[in-house]
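Chain lettering (A, B, C and D) follows the sequence in which the chains are written, and residue indices restart at 1 in each chain.
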């Protein structure tokens, strides 16, 4: 049971460091017979790809994925699918400054404390670059759950929230922030520009909605759908909080306001009058949209000088060069989408394993 | 890999329904030679035990735990520890009304959708009663991590937050709310009384702090310490949100404000000037206190009439009788403590497995 | 991932020591809606139950199983099924001699070496008594695979093999040896009597055949059907070897003699002209009977004096009293049946998870 | 929990097909700080490499391994180690004959039955080529257990057994059969030549001995050391039987003959007078050499015509061309060594997780 894997029956592992020769994902448990080629994966990687505008890191990675196994004549065979993405634009010298110092807010010190050494080049395994592997694996997961549509978007950046009433899905891909609210996107442009110029960084909140999840996926306890989603989101770099449905706001509601009333639905199933639950009750999907939110802290690698210590314990000031996202959460939207897809694919199969397909 | 288990090397499973003959936990991976008797577990169960005041359910359960295996002459043997707690105060007839109807906000509908049948007596497996098993298992976990002290408390109830400046640990066990702020506890008494009398219920936020966790526990990705904590907390009934450290508030900070600056510590290790990170960076503990918050929604079983449907899809109004906690989060504090202990024990051993004890 | 669990999606854990208050099994992943009561489990336990004739241990255990969870109104609910069997006929004083000495061939020394202490009463967790839990769990597994019929029997005892040509299934339950060959059973009666009187013990080989397994269960590598069966059988006390199909004899065949030729079958599927493969090719079931054999060593607890050492390293002679099976393999037949059922139930669901039910 | 993984805390996964672009292994849970380069892995791959003499397949694969992650400045970092081996000498056309027909004894039919399609090129995932990935992963495992020495060799080929009295380790690498008995190796040369010329194939038995395993590795049940070894060996292509210590022969011994008597050892630990147990009692290592034997069936791909059916169910005769090992077991010796190393590394860490390093 690898420390770098996720999932129970549909599962994946990732490997690779930011400045190693390549990164990759190994997807297992994929059903046979699915049409799969690099062209099914590449568009999702392209959405996450850095260097496409001034609001993300300027590292230029083509992020071309190769399928090395598990596909034959354009179809999955049921055997493990090895996905590899070469690293091509490393600038290791930019990181020389952190080889022997710990950036505040970053994993430098903890890796050193745990392992006694670390690959400091481009932050090694702790780099957000690892999330490209997740997106590649997530693209395979999407094929497994064609009944589900997943979209993630930013609902807040640097503390500035969208207006849900003024938001629409069509807007999400119209701006560099995966922002459904055009007015907010315009404001965020200034926010991010200002942060970047100031040598600072910003956090943000990503919301992800999965529609089409039938009632019944999940498990009552421990392997609850919401528990798996929480683990999945919190496993992404820089995420510090996860909510399902109303999340922390639910703690401020009365019992009658929080509960989602039910009326008779068209097909005998209940029709819910609200979705405070975020599509999950008792760990199991309700059939309503599954709603997850993840809070990303601001990027830790910033130009503003910070107090820290070096390997020998000496007190220093550090300025982090290199090419960094001023708001790592922006590219987090495709990553959270991928993680939600990976959880749902796994849960679909877990449900099928125990309960069969009939119900 | 059971759907009702948690943990990788130090792990546990729970079983049992609210109105079955008993509930229990099976703890595996416990080291040999630890002094363990029922007396080590009972005090923790007593803290969570219902019926001790008017702010919790009036169900009277002695919650007497028995150790059925894994202990010999007062010491753990390294074999699985089976813990059992008899159910003694069921009143199944109180629940007859929900046998064929779905309470809004509860798991009735989703269990039915998943399994096609459900044990509706006392909410079956979905009852908060299951959390007694977690507390029992958690008591064993505490023995495994004597270097760590864990305390959980409510920081907000019904939207009314504590004043951290006026809080102290010593107060936590002085009131029925695990509230560290005496003034808040006094206010909450009225809040909960009012909700109970109104046939309503309240949510709350539990904060848990683990001190003494050395730097180095956790893993970079997927099995990150924070990811495991998120899964653990979200696996508890009624939890809808989890935060580590500043959590969602971190998303509103600038990079320089969020990062915890370091200065030279007494023993060569860094001394952090703040703890926005909640003791976890890059999935690995920093040596600072580990800080987790869990948001509990208000109890779904309330006397206020609610719109819903029955098994046949007919529209009805439902009033939930039975004995319920007006704020299930109150007894959630010992449960979150237990889950944090269980995660930390597992992470301690995972670290020892890979990296040995020397570092 | 417990050290005392088996299975991936349909899985179980066992707990308990020979002279503790009880033993038990926790079954998870069971589908909902199956008719299940103690009466479905008890007959299988009765087949394994000791004390029924002079060829097994004289310990008298009723082995009455109780279902403590996971069943409601006679049907499984999909939640964990807790099975408990009380220990009622312990005679701990019989074992005082081994509290501080290591029986040759037994686990006394290794438990001590691993854990630094051990529950020596009735051999603790290492007792064959643990296998009752397996049989109880296996009875649940059988309900999950109604399409499969499983029968295990002894094919060799004390080196004396059955005559396959003279064997028939109907004979298996006609003698105390689960022996399909009446003449062999008669001979074995003398063999076991002689060994018992001589204070010695005998080993045996159990063969298990599962018919009705459809083609397609299993996995190509690592989680191969045969690999899982090997692990399952070797996890049983006293088993030292496992074979699938021709097993070791296959290593002596030529390629053309070992391969099972195929002809057109009635329904389009191939019809095999032989079954050297034991129903498994490439880790996946062929649709032919699955054939497994397990070699049990002779019981280690014998009256014949043996050279050994005590806890302090002093050289002693040991004579093992207590009530022991002169041939523990006899009662191993129902245990191997249970383990095969448990593996097949798990593999059925794993296949359904990945490939669905259609194929 | 991938179907293509093995291990619990030190674990690995493999991927790749015989005629895909590459194969690989992903190793996780490796401790940090170990010196590791391709030069540590390559010699083990070279021992398994095909085409080195006329007794193995003539496919010419350099089997050059590349380390793509998890190593920095020549040391492991504790993050996943991705190992890749390019396939360079595929001749897919040789396999056209099996694209629509099922070779007897091979996995063609079962893959088709399970997945509904298969990568028939060079037998796809079912090719013995996959075992190169195991050997690469095993080379990393060896670094984790420097206290253990592992050697595997053939003890029987085509039914012709070695003379243990005439065997010595130094001979193992002196002949192309990993045979410790020079006289047997000479006889086997003729046996294999004859089989190859006859268009037939042979099976063999590989024995593996691990010395230096301290007492205490393993677990009492389910995750027993012997159970894990059995699963590991049986997961290798063509293996049909596994024995620990005396294995099936133990079933023919009396209790007093099978038990390994103990005398006082030099350092307070017992000294065993024999090793019928093969170094494992009660699932836990005794400190004696761990002895495992695996029976390999004869290669299924042979030139001798065989009766079979094609995809449409039509009865045909098949002759398997391509380049095949006349005795796949020969190259199985390095593979079994690797699997034993992988199991022992995992067990070492599992023991350390639960019991610490002190004992």
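Note that in this section contacts are C-beta pairs under 8 Å (C-beta built on N, C-alpha and C of every residue); 3 or more make two chains touch, one makes a residue touch a chain.
Computed from a prediction, not measured in an experiment: that's the story for all the values here.
Trainee: Quick one: which chain's Cα centre is the longest way from chain D's?
Mentor: When every chain centre is compared against chain D, the largest gap points to B.
Trainee: Roughly how far is chain C from chain D, centre to centre by C-alpha average, rounded to an integer in Å?
Mentor: Going by mean C-alpha positions, chain C sits 26 Å from chain D.
Trainee: Can you compute the centre-to-centre distance for chain B and chain C, using the mean CA position of each chain? Integer Å is fine.
Mentor: Inter-chain centre distance comes to 38 Å.
Trainee: Centre to centre, by mean C-alpha position, how many angstrom separate chain B and chain D?
Mentor: Roughly 45 Å separates the two chain centres.
Trainee: So which bits of chain B are touching at least two other chains?
Mentor: Residue numbers touching two or more other chains: 1-5, 8-9, 14, 29, 32, 78-79, 114-116, 125, 220, 350, 354-355.
Trainee: What pattern do the touching chains form: line, ring, star, complete or other?
Mentor: complete
Trainee: What residues of chain C sit close enough to touch chain B in their complex?
Mentor: It is residues 1-5, 7-9, 11, 13-17, 20-24, 26, 28-29, 32-33, 66, 68-70, 72-73, 75, 77-82, 114-119, 121, 124-125 of chain C that touch chain B.
Trainee: In their shared complex, at which residues does chain C touch chain A?
Mentor: Where chain C meets chain A, its residues are 1, 8-10, 29-32, 78-79, 220, 349-350, 352-357.
Trainee: Could you pull out which chain C residues touch chain D in their complex?
Mentor: Listed in rising order, the residues of chain C that touch chain D are 1-6, 8, 14, 102-107, 109-111, 113-116, 125-126, 130, 156, 158-159, 195, 200-205, 215-224, 226-235, 237, 239-248, 250-256, 258-265, 268-270, 273, 276-278, 280-287, 295-300, 302, 304, 306-309, 313-315, 329, 350-351, 354-355, 359.
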